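The data blocks that follow each hold one structure.
Same chain, two partners: subunit A is paired with subunit B first, then with subunit C.
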Partner chain A sequence: MRTARATAGAAFCAALVLCGLVYEHPLVLGALCLATLAAGRLAGAGAQLSRAAKLCLLAAPLVVAINLVANRNGLTVFWRLGEVPPFGQLDLTLEALAYGGALALRLAVMVLVAALFGAAVDVDALLLGARRVSARSGLTAVLAVRLVPVLARDARRLDEARRCRWDGGGSGPAARLAVLRAICAGTLDRAADAAAALEVRGYATAGRPRRARSPWSRQDLAFAAAAAALIAIAVAGRVAGIASFDAVPALDVPTRSAELALAAALVVTALAPFAARRGNAR
Partner chain B sequence: MTLLELDRVSYAYPGAKRPALRDVSLIIEPGELVVLAGGSASGKSTLLRAAGGLVPHVHGGTFAGELRCGGLDVREHGPAELSAVAGSLFQDPETQVVMGSVRAEIAFPLEGRGDGPAAVARGVEEAALALGIAHLLDRRTAQLSGGELQRVALAAAVARRPQLLLLDEPTSQLDPVAGDELISLLRRLNEEWGTAIVLAEHRLERCLAAADRVIALRDGAVACDASAADFQEWAVAHAPELATPAGRLFADAGLGHRPTGVKDARRALVRAGLLPDPSMPEPPEPPSRGERRRARRDAALRLDGVWHELPAGPALLRGVDLAVGPGELVALMGRNGAGKSTLLRHAAGLLRPTRGRVRAAGRVALLLQHPGDYVLHERVADEAPAAALRAVGLETFGDRHPRDLSGGERERLALAVVLGDGDASPAVVCLDEPTRGMDRLAKEALAERLAGLADAGSAVVVATHDAEFAATLAERVVLLADGRVIADGTAREILGGGWYFATETARILSGAGGALLPAEGARLLRAITTIEVP
Partner chain C sequence: MLVEGCGAGAGKPSSEATLLVTRDFGRTVLADENRPDIRGADTVMRLLQRNARVTTRFGGGFVQSIDGLAGGQEDGRPVDWFFYVDGALSERGAADVRVGDGAAIWWDHHDWGSGPAGGAAVVGSFPAPFRDAPTRLACLPARSAACETARLALRRAGARVEDATAGSVADGRGPGMLVGAYAAIRAAPSARMLEEGPGASGVYARPSRDGRSVALLDERARPTRTLRAGAGLVAATRRGDRPAVWSVTGTDGPGVEAAAGALDQRRLGERFAVAVTAGATVALPDGGTP
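Presenting the complex of A and B:
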């Protein structure tokens, strides 16, 4: 995926996100999570996806709990908590629990796909594309993305330096504020240096870059085709009424062969581009 | 056509009391490689920024005189127009690289010029090949090391094939290997492409041999404009802090020749029949202050089998055993990634070992690489106690803003911040690459301060790439490689017989007599002269 052009990779990620938005069915969302995790591993971004998965596991109980308390539309009460200020009469229902689970799965799809995008798609190349539309805005976006890790490293260094001060650098909000102020001052220095570098590279006279046409590689084609196929499957399934999901007022989670086939099709399609191994041995 | 012409140029930064450039007149011709020498704040950077149009267009200030770059008057033409004639490279590679990928970075100036896709692709390919970074083209700039980033920035600067390159201490943030590689690349650009180069550099021994001319600045004015050999002659007589170790060695030995590098010096010694035999016996080591104190007390810092292993990566430290006695001065050397900084962070307790144990006899003060990181307040007086400021000679700077201090002054302030007041003198003082971008006078002053701390009983451990500084400061040198201690001995043992980790004097004399510094080498040469010419 890293070798595919940025637009193809971005389209693939966008298609996965679209699938996650179109469906609420837990089976389909679970399949999308699995497909994204596997895609991340195959793209060499296993570590980033693992971190994102841990984040999802931490966030999921919170999402479910909030939905349990906030969603009052379910009918199947499994725990009556009675009068709980400030919520009033609080009954926990099976439907709210199931809907919370579906929301947590949908959030997981989004987070995992975002991690995959960040790790395997060349954001810079996408932003460079934006330079052809608006040269200065595109360059500003590129520069911002470029300087984020630099400033993050600066912040880590400043915090280490604070801990090395003779008095231990203090603690609490005042110490954090001092470091924050130093980071801001450092950011201005960095900005001034970057401005000077841009000036001496001829930024002031730069025009809009011309479009470079490069032939599509087999990876480009594979990921673009997978993106198109994912969207087609998602739309077709929706139109055919497959994998509908109703949590309220009563839980309705159809799990027929059609739902299983849809989930399998999404997983196979998402992983298909990684199976494209044809080419010259050397 | 003359590439760069300054006629009585004077310049003062906005609000500055003193001018940064004073009545500077000079000419740079095509194909010349000119080294700009001078101490900190002597005007080197300002001169380069003026030649590139950043002064006065970006910095503002008061500008007088006439400066033409490639025939363009810098008053009328800004940095963008001048960039067609002169490429610029500054100290910090992190902020000069503006794009996210190497290919985009090198393509940027070409696209800006309006080149078509084919011309851009060719320009990128040629610049990358010329600078040996073709293998980096598809890498993200965030993944590159400092040396790689600096080469990418240089490739972007030369992509438009400028006739003149202006380089402001481009090696100051690099380790010596990356620094030497960059200087070699510059020589190649100069010799093969005919690019004129103006290079500001503190470590003159690195580049003097390649220079056609050396221009020395002092207080913003040209103090010397001569060939490399004549510059050495002038420096020895009028600015000893600028003379290279080779120049000082010959001057101290009373030899008339002024060598510009190791090869030149060795050739001169061979001609004079003075090249000492490398097997010449070394004088006995002076008694080590550290050893004496180690014998008396326990170690001030002890690392026992310390490992630092990354969760998904290599081990940065592999079972390091090290004991440093009170009052001992130790230089920690090794290439980038050898584990020096990690070891110091463990000593100071910033990191916890995966295995092993770190013990210190008291507080460990750690000065990290960037002294500017210690600046948290608006006034110098708020950063450190008055006694600490007095100890580093900054007691009169209390009301100044720390960011207005020079590099050397900021380093002293950072030292005051980590040391604190004298009541609780640290048991161990660790410094990570403290001499980056420092001129020789500042290095000598730092070495004196550290010796003072050692005399007061603190163990001093300095991670450095600077063999000259290590030889001046340390009585013991510990060499690290791949997270292991591979050599641990006296400075003479480690720096005298090495190829890479060696001082210029030791390289000229092939380590004969254990001479590391010019004064020691000169004594050796005088002894040979006395024996051979009775």
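Presenting the complex of A and C:
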């Protein structure tokens, strides 16, 4: 995936996100999570995806718990908490639990795809394309993206400097807040420096760049085709009424062969571009 | 009528609850379930969802539509779904009120532009409001045929009746009932609310101060006709979150007797309040049919 052109990789990630937004069915969302994890591993971004998956595992119980308390829908009560200010009569229902689970799975799809995008898609190349639409916007976006790791490095150095102080530099949230305050203050300085450097180098007079034409590789075509196929499958499944998910008022999660086939189709389609590993270089 | 408690599972289901769904102040009955599907210690919302097609707002806290009939605007007027538990307008959301044993749950879709902001009561759930706590009965005069008729109707309905004065009828411990000509009972604040119209009382009828006439109002609080000699009125009012006080009243003695005679489920059912004239019962708000 790293060898495919950025637009094809971005389209592939966008298609996965679209599938995650179109469906609420836990089976489909679970399949998308698995497909994204596998895609990340095959793209050589297993470590980044693992970190993202851990984040999802931490966030999921929170999402489920909030939904369980805030969502008053559902007919199947499994626990009554009685009068709980400020919520009133609080009944925990299977439907709210299932809906919270589906929300957590959807969140996981989004986070995992974002991690895949960050690790396997060349953001600079993508932003180069944006230059033709608006040079200044493209430049601003590139700078913003570039400044994030710079600021992170600054933070690490400042934190090391703090810890090297004779008194240990303090500890806990107060010390971390001091570092954050210094970073925020330094951000404006860095922005002013970057703006001055760009001005001196004549970026203000930059015109619209020429279109850079390069032939589509096999990888480009594979990922673009997979993106199109994912969207087609998602739309077709939706139109056919496959994998509907109703948690209100009563839980209705059909799990027939059609749903299983849809989930399998999404996984196979998402992983298909990785099948041809030969000739990765364009 | 509220079931307290917490624990695993759905809880013990309430028995003998009823569910009524109407529109336009009870004029059109959409669903009348004497034995609704109820499982566990259901809330009013869950009871409704088990027995009708419901859409909700605010995370399931408020009803937006029942069987496709939604709240919003009708003819430029705000309309919504309101629910009454044992004849009293609930001031809490349907997801916060549990259905008690024998509770009469009534959902009505109506214009809320002319009604009170809260604290309204209706007579259509008779006799449910009188089943639990003792009923304070105040008659003016103390011994009259209308008073005995009302007492008998309450006892037949299973109410425990305690005698009270007009001043103590709304002591907040249970429902109350005032029986007497309007000129006599208007000393009680609960009855005097009727003079202030639906915006204060929730009752679409306005007796005159001297009690000799009763103006019937439509759902926009516009007078439709005025009843005079021999006219009766059965209406319920509430002050704040206190139990309702029913006024069984009239323009004169025969009017009060006619009103007391209307104290039965058949004549009061599905009505917000009723006027009685020439032996006929008129549902309020008045549709204008003579």
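One rule holds in what follows: the second predicted complex is superposed on the first by the 245 of 282 C-alpha atoms of A that agree within 3 Å, B and C clash if a C-alpha of one lies under 4 Å from a C-alpha of the other, contacts with A are read in each partner's own complex, and residues count from 1 in each chain.
To be clear about the criterion, a residue touches a chain if its C-beta (ideal position, glycine included) is under 8 Å from a C-beta of that chain, and two chains touch if they have at least 3 such contacts.
Not measured: the values here are computed from a predicted model.
Contact with subunit C, but none with subunit B, is seen for A:Phe78 once the two complexes are overlaid on the shared chain. Touch criterion met: A:Tyr203 reaches subunit B, while subunit C stays clear of it.
In the superposition on chain A, contact is made by A:Val150 with subunit B only, not with subunit C.
When the two structures are aligned on the shared chain, A:Asp252 is found in touch with neither subunit B nor subunit C. In the overlay built on the shared chain, the residue A:Ala70 is in contact with subunit C alone; subunit B does not reach it.
A count of residues in subunit A touched by subunit B and by subunit C gives the higher number to B.
Within the complex formed with subunit A, the residues of subunit C that make contact are 4-11, 39-41, 43, 45-46, 49-50, 54, 56, 59-61, 92-93, 95-98. Against subunit B, the residues of subunit A that register as touching in their complex are 47, 122-125, 127-128, 139, 142-143, 145-146, 149-150, 154, 157-158, 160-167, 178-179, 181-182, 185-186, 190, 193-207, 209-213. If you check the complex, the residues on subunit B that touch subunit A are 52-54, 57-58, 78-84, 87-88, 90, 92, 94-101, 104, 107-109, 111-114, 116-117, 120-121, 140-142, 153, 156-157, 160, 312, 345, 348, 350, 365-368, 370, 372-377, 384-385, 388, 403, 417-421, 424.
Subunit A meets subunit C in the complex at residues 70-83, 88-89, 91, 248-249.
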